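The block underneath contains the structure these notes are about, expressed in structure tokens.
We call the chains A, B, C, D and E, going by the order they appear; numbering starts again at 1 in every chain.
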Amino acid sequence: MSPPVLELKNIAKSYGHGDVFADISFSVSEAESIGLFGESGCGKTTLGRCIMQLERQSAGTILLDSLDPTRLSSRKRRESRQSYQMIFQHPEVSLNPKMTLAQSVTELLMVHKKICFDEAMDTIQPLINRVGLRNEHLARYPHQLSGGEVQRAVLARIFSLQPKLIIADEPTSMLDVSVQAQVLRLMKELQNETGVAYVFISHDPDVISAMCDRIFWLSKRTWRLYDKSTFISQVKEDYTSSKNV
Amino acid sequence: MSEQAVVVPKVKKCPSVHKGIDTHQRLVRKIFKRPAFLISLGCILILVAIAICASFIAPYDPNETDLPNKNLGISSTHVWGTDYLGRDLFSRTIWGTRTSLIIAFTTVGCAFVAGVVIGCMAAFYGGIVDETLSRCIDLFLAFPGIIFSLALLGLIGPGIPNIVLALTLSQWAVFARLMRGDVLSITNLEYIQSAKTGGLSNSRIILRHLIPNAIMPVLILATLEVGSVILSTAGLSFLGLGIPPEIPEWGSMIGAGKEFLRTAPLNVIVPGLAITAVVMVFNVFGEGLRDILDVHEEQVLPS
Amino acid sequence: MTLLDVQDLNVRFSTGEGIIHASRDVSFSLDTGEVLGLVGETGSGKSIIGQAVIRLLPSTAEITGDISFDGKNLNTLSEAAMHSLRGSSISLIPQNPSGALDPVARNGDQISEIVTGRFKKRSDIVNRVHVLLSSVGLVPSVRIADEFPHQLSGGMRQRLTTSIAITENPRLIIADEPTKGLDFRAREMTATVLADIQKQNQSSLLLITHDLDLAEQLCARIAVVYAGEIVEISPVSRIFAEPRHPYTRALIQAIPKNGLIPIPGQSPSLLDLPEGCSFADRCEYCADICRLTHPEFVYGTMNGGVRCHHPFSS
Amino acid sequence: MHHYIAKRLFFLVLTIFAASILAFLLLHAVPGGSAETIAKHTLVGLEDDVSEQMIKDVSAKYNLFDPLWKQYGDWLGGVVLKGDFGTSFVYFDTPVASLLSLAIVPTMILAGTSMALVICLGIPLGIYSAIHEGKISDIIIRVATVLSISFPSFWVALILILIFSLTLGWFPVTGYGTIQNLILPAVALALHPTAVIIRIVRTSMLETLGQEYITYTIAKGLSFRQIIWNHAVKNALIPVITLLGLYFGHLLAGTVIIENIFAWPGIGKLLVDAVFSHDIPVVTSCIVVIVTIFLSVNLGVDLLYHVVDPRIRYE
Amino acid sequence: TSTDKNSSSNVSVQNTSSSSTDRLLKFGELWLITGYDPANNGVFITEKAIVTESLVGATQDFQLVPLLATSWNQTSPTTWRFTIRDGVKFHNGKPMTAHEVKFSLDRAANISAQNRQFMDFKSCKVIDDHTVEIETNKPNPILPHALHYPNMAIIHPDSLNAQGNFIKPIGTGPMVFDSFDQQTRTFTVKKNPDYWKGPVNLSGMVITGIPDSNARALSIEKGEVDFTVDVPMNEVKRLDELPGINVKTYLTPRVYRMAINFNRTPFQDKRVRQAISLAINRTDIVNNVLYGVGAPAKGIFIPQMEWSNKNLDVLPYDPEKAKSLLKEAGYEDINGDGIVEKDGKPFTIDIVSAQERPGLPPMAETIGASLRKIGIDTKVEVMASAASTDRQNAMNFDLIMVPANIAMIPDPSYVIETWYRSDGYSNSGKYSNSTLDALIDDAKQTIDKKERYAKFNALEAMVYDEMICIPIADYGVTIAQKDSVKGYVFDPTAHDLRMDANMTVG
């Protein structure tokens, strides 16, 4: 078995006013989806941001492909970043409003591969079709598109770098049930094709159990790892107990 | 005070009610719905034309004195009368346009560039850089109005470069503060974060993603500041700290003419009306621009 | 007995881009004590219907159709008469409780300012406020009444607006997504509160929601809204088991626990509606007629009906 | 809250301190602070000339030979320890502190009266204009504000003098001490900020009236009066409060010109006279005093903001 | 310090006037009253408030006459002996003796370098109760003239408090200090019943500084003051025509002149300097810019001065000649842009002017326009006088306009030496000519008055011809008074004006 794409060892994070979470360890391997579940404010987003190096954890190590990114030179780190991407919570503000979809989607490719716009467009064309965007969409600005379309453009932008790991932070919480279904489907298909691993953040138990095999439940500074079936029964149990309160 | 709230735009998913930039047709339609804006735009173009072609429009040399014909009233030879040295007030007012616009545009331009650069750096780099720059901004904002320019000009003496320097020093912080706030409000937005995680360089993020998205309110502020810089210039010149009398300038025309307030009030009235008209044109233009671009920002403070 | 009757409600907005037809030929009725659910996609016009009933649409809206409440025609009612109904006979639980509460008024005052008539003494009013607050589970109500809206959590604010809505024991409550954005615990509480109120006061409830589970739990009937139209009305027992409109069926299948099956394509722009059925583009059963003629709403049994050329048979 | 006030006070002092350094260095470093100028001023009146010996005397007397930092240190030491702002070069060795203490009252009277005018006219007119949006009275108010914002205040002052003093003879041109003396400068000074406040109040009011909670008050069945006074006005005025603080600063700056036109013996006049005569200790001290007043008023307003807006929590 | 203590801010104008309204003069003074210590503010306290007096007086034509000193003579080249008038009493009732004179002169010299310099003061000795002997560092033939300077006024030591700080002026003059309101800067004096010259007509004066000329005009118009000075020149005629008000114009010892920067090559050529002078129409300026308040300059002194050179005429206006002089000097408009060039470079100059005196800026602007007419590209810069002083000190100007005082001391040597000697401190343009220096030294040391004035007349003619600085106009003062004020006699030797205790009100 290949080494895990992501490995967390005893991660803790605290802001000025105390710990958000402490002592978290788990790992994700290729083509696997792990769910991150918990009520509002329990630190799901924060954990994702730590993994993405958008924030420094207070303790513990994060290994991406068995490498500690904090030990890398800044140039190396920037290069390695291509392999680890994040889908942010709000599709509406995930793309630069002043750039057309075409510009946003090709930007990363152009910068990293040092190619011109047309070449990037050619490279990315199959992917664009794959995510279900039509070329007519590409000339538009994000606000001229629906949430589902923007979310798909974000996927195209991210997948153009062929990442190994994607942190998806509530990728559908702002979307309609039907659009949600579209996006989740697409993510699954892409995973089957490229073998990307997901860390899937959500507070909707239905969505998370539909997407993931293992679920990491974060609550009040403790955590547990469930598999799908025990997770569902645990949610049910919690739900009934809360009803009696 | 310095901690700006992170403004995450309210997400409203209506297919038609969009916040953000507009399509060209929409913009054009919006513009044509505002006659005041169009008129002010036209006036600005005319003002610029007047400033450029002052020598062709003005019937007299603005500095040509004609002592026996001083303090004349309105007549066919001197449409707005003559001043206390017999110079044609209309010609001087026309030439004054050039002076005022040059000063206003350069000052606002310099303050704008300085403000954008400093504000952007402060917000993007954060930490100690932000702390230092923010304190500087606060410091300059602590001098109300033209106090600072006044003290400086009193010592370095009058002249166009000096007044531009003094006013720039007192204005840049306003731009910097606004820019810093704008940038702060978008640095935590997800497209900036995703540009970071996408491995883009800082310079690219700043130039390509931050500045274009944060600059609009600052640009609008700039158009509004043109009016207030014209007012400040006139005020300083009025006190005799601004522009040498050789260069026709409205404020110094009023300052010199106030001796003749009773015997020849045109000396004061004509340049005053010119200032009012021009400042109004720029204010209306700035307000209109703000409406059209629909950028809701904190009230812009004229000084 | 019919409390609210809406016939052929049309709402249009003229905007820079053209005319938005936000609500088209909407007809439904609501009996005393009944709960009707309005479900459908974002932007399909659910809130518009609710606001039309309480006559709070912005002045840019152009409204036609008849709305009668308790036998009175709300369209022709004077503004003053309409205003006297608001709060006392018809109340609204707004879609966004955080935005709907005056940020600088105390929670208690936001309730007490509409307490009228029967309560004259200050202490009576205060008591009434506390009773209301505790009835929606906001305890200790004394403290909460003295606080400001920002000191409450989202769920508490939601319940505060609910308590305001029931202050005058209105006959009709329009609840616009009362559980939006709540986690499941808070959601459950709100559902209970609403059900209790409806039972105790014999009030009618127009429940607008995205949450099909909640609708199933509370409603007697459900109306499905798509692109400004009601495409199906059915008793709740039937709609999940035997949806008749293809959109209803697709909507139900898209729920994660029902298989997470997406509906392809996008709903039409309200600016530029198709000639035929609005759902035609996305419908797998689409026939030629669906693209050409607009289907009429056909009433069926049990106070229900469907707007489709080829509905699934019941 | 205490912590917050302490922090704000600390930054207030820090900013004033920094402003004094800036003012001091700036004024001493630019050409014009020369001993010659000072000598001429203190000894013979600017138009007549002075000899080398006089310049040396003056430099020695005012320690102008000391390095800048030492001069600053001495000055600051005097200010902090003894409330001594140094001695004026021009007003024949009068302590700056006594000049300031004489000037501060007139300035506060003038600025205070103008501020009262701004508040008493600006807020009601702004509210009125917003409630009657689009009506003829609103349009008149808006046109008047656009005009007033564009008038140079010194010009307004001169026109007021022309009309009310020179032509009608109702008010004196200059002077200090009576109500008549106060009216024209206060009006000239208040015109611009009043117009701005009207506009801000109007915008804020309109924005508030468009808020969801106002719509909801309608849904609650409240009366028009209740909606406007209990909800709209209260919310609309909160942002205006901080702006009033800022506008007080603009008023202070405005006094500089207005006081000169009306020979009003306040800080603004003192400052301009001192600038003209390069009376650097007075210039520096005036700037420091104006900055202090401005910042203190703003701090006060910010704290007031806390009282009126329950949403604000200071960390 | 001391000054605040005796200011009584609650004494208002009305209070004082109610006692004897008719003879109290309300005087609208030109400057804000910044202080009243004679050693520093002699011009105010000695000349305007007439509280203190100097040892030496002067006549209308600038000849010295006895005042507090009855006679003086030079006992050696560096010592002078002054006899002090007997029977003069200070306002506190104490008699004036040589001791107070020594006290006052020592103090004046001590406080201000300028005073010291004017007198060239070394020491003052009391010989007996009514004789003092003053020693100068170098021979100083004009010591009596220096003692006419208002800063050298005689005060009683009780003017100071125990710490030696000045509190109030106790002098010998016709008016007694009453109060000073710091807030409104209003200065009140009342009549000295024991004045040594005899009874005083005025019962007192209320002096308010009104720096704005329009405001001064308005206050006399509205009857707020009875007497004021320097109303706006363009309003002189209107005010004079008003019933009950008359305005008179006098010349004072001050002249508007332009200094020339001799460090700059073009001005080393006399023809250029003359051309500039010829381009200026002085009569036009006096009539239209100064509205007749003043006179075209005829030299560097005003005609009333005994020592002025009566042969000199108003400097001529002749633009054609100016152009030809420029051409001779090599400046010619070759490229036809209206501006003369030399060696291909256009001839541009700047005129720096202060703005404080109302006549200055328009005069500078007019001169700028005149020079442009003869082809010199002229830039006029008007600034606060402090700033123009700096420009002057830095030698950063071509021409600089100053309204210079020409009788700080009523003797020609003051002007000739400080303006024209190579090291003269008012030699702003750094003109240097050793022959002239020698002549000046010679003239200055000449004691015989006739011979002395003859030498200075020759010098004046010389500098007039050399055009070392360009005089424009003599400075005029306007005095506006109510018709009810009578008997005012103008004293040209004063610095702005001298109040006259013998005038009457009502």
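Going forward, a residue touches a chain if its C-beta (ideal position, glycine included) is under 8 Å from a C-beta of that chain, and two chains touch if they have at least 3 such contacts.
All of these numbers come straight from a predicted model, not from anything done at the bench.
*Asks:* Moving only to chains each one touches, count the minimum steps from chain A until you reach chain D.
*Replies:* Step count on the best path from chain A to chain D: 2.
*Asks:* Comparing centres built from CA atoms, which chain ends up most distant from chain B?
*Replies:* So the farthest one, by centre of C-alpha atoms, is C.
*Asks:* Find the chain most remote from chain A, comparing centres computed as mean CA coordinates.
*Replies:* Centre of mass proxy via C-alpha means gives E as farthest from chain A.
*Asks:* Is the number of contacting C-beta pairs greater for D-E or for B-D?
*Replies:* Contact tally favours B-D.
*Asks:* Could you work out how far the Cα centre of chain B sits from that of chain E, in whole Å?
*Replies:* Averaging C-alpha atoms per chain gives centres 45 Å apart.
*Asks:* Taking each chain's centre as its mean C-alpha position, how far apart are chain C and chain E in Å?
*Replies:* Between these chains, centre-to-centre, one finds 91 Å.
*Asks:* For chain B versus chain C, what separation do you get between their C-alpha means, in angstrom?
*Replies:* Chain centroid spacing, chain B to chain C, equals 50 Å.
*Asks:* Tell me, which residues of chain D touch at least two other chains?
*Replies:* Expected reply: 31-32, 161, 166, 275-276, 278.
*Asks:* Touching at least two other chains at once: which residues of chain C meet that condition?
*Replies:* 42
*Asks:* Chain E: which residues touch two or more other chains?
*Replies:* Counting only residues that touch two or more other chains, chain E contributes 214, 384, 386-387, 390.
*Asks:* Residue numbers of chain D touching chain E in their complex, please.
*Replies:* Within the complex, chain D contacts chain E at residues 31-32, 34, 36-37, 39-44, 46-54, 57-58, 90-95, 98, 102, 105-106, 161, 165-166, 169, 172-177, 263, 265, 273, 275-278.
*Asks:* Okay, in this complex, where on chain D does chain C touch?
*Replies:* So the residues of chain D touching chain C come out as 211-213, 215-222, 226, 230-231, 234-235, 238, 308-311.
*Asks:* Going by the contact rule at the top, pick out the chain E residues touching chain D in the complex.
*Replies:* 1, 3-4, 32, 34-35, 37, 40-41, 112-114, 117, 182-185, 210-212, 214-215, 218-219, 222, 224, 354, 356, 384-387, 389-390, 393-394, 402-405, 408, 418, 425-426, 428
*Asks:* Using the touch rule from the top, collect the residues of chain B that touch chain A in their complex.
*Replies:* Of all residues in chain B, those touching chain A are 8-9, 11, 13, 15, 18-21, 23, 189-191, 193-201, 204, 208-209, 212-213.
*Asks:* Taking the complex as given, what residues does chain C use to touch chain D?
*Replies:* 54, 56, 83-88, 91-92, 94, 96, 99-105, 113-114, 148, 150, 161, 164
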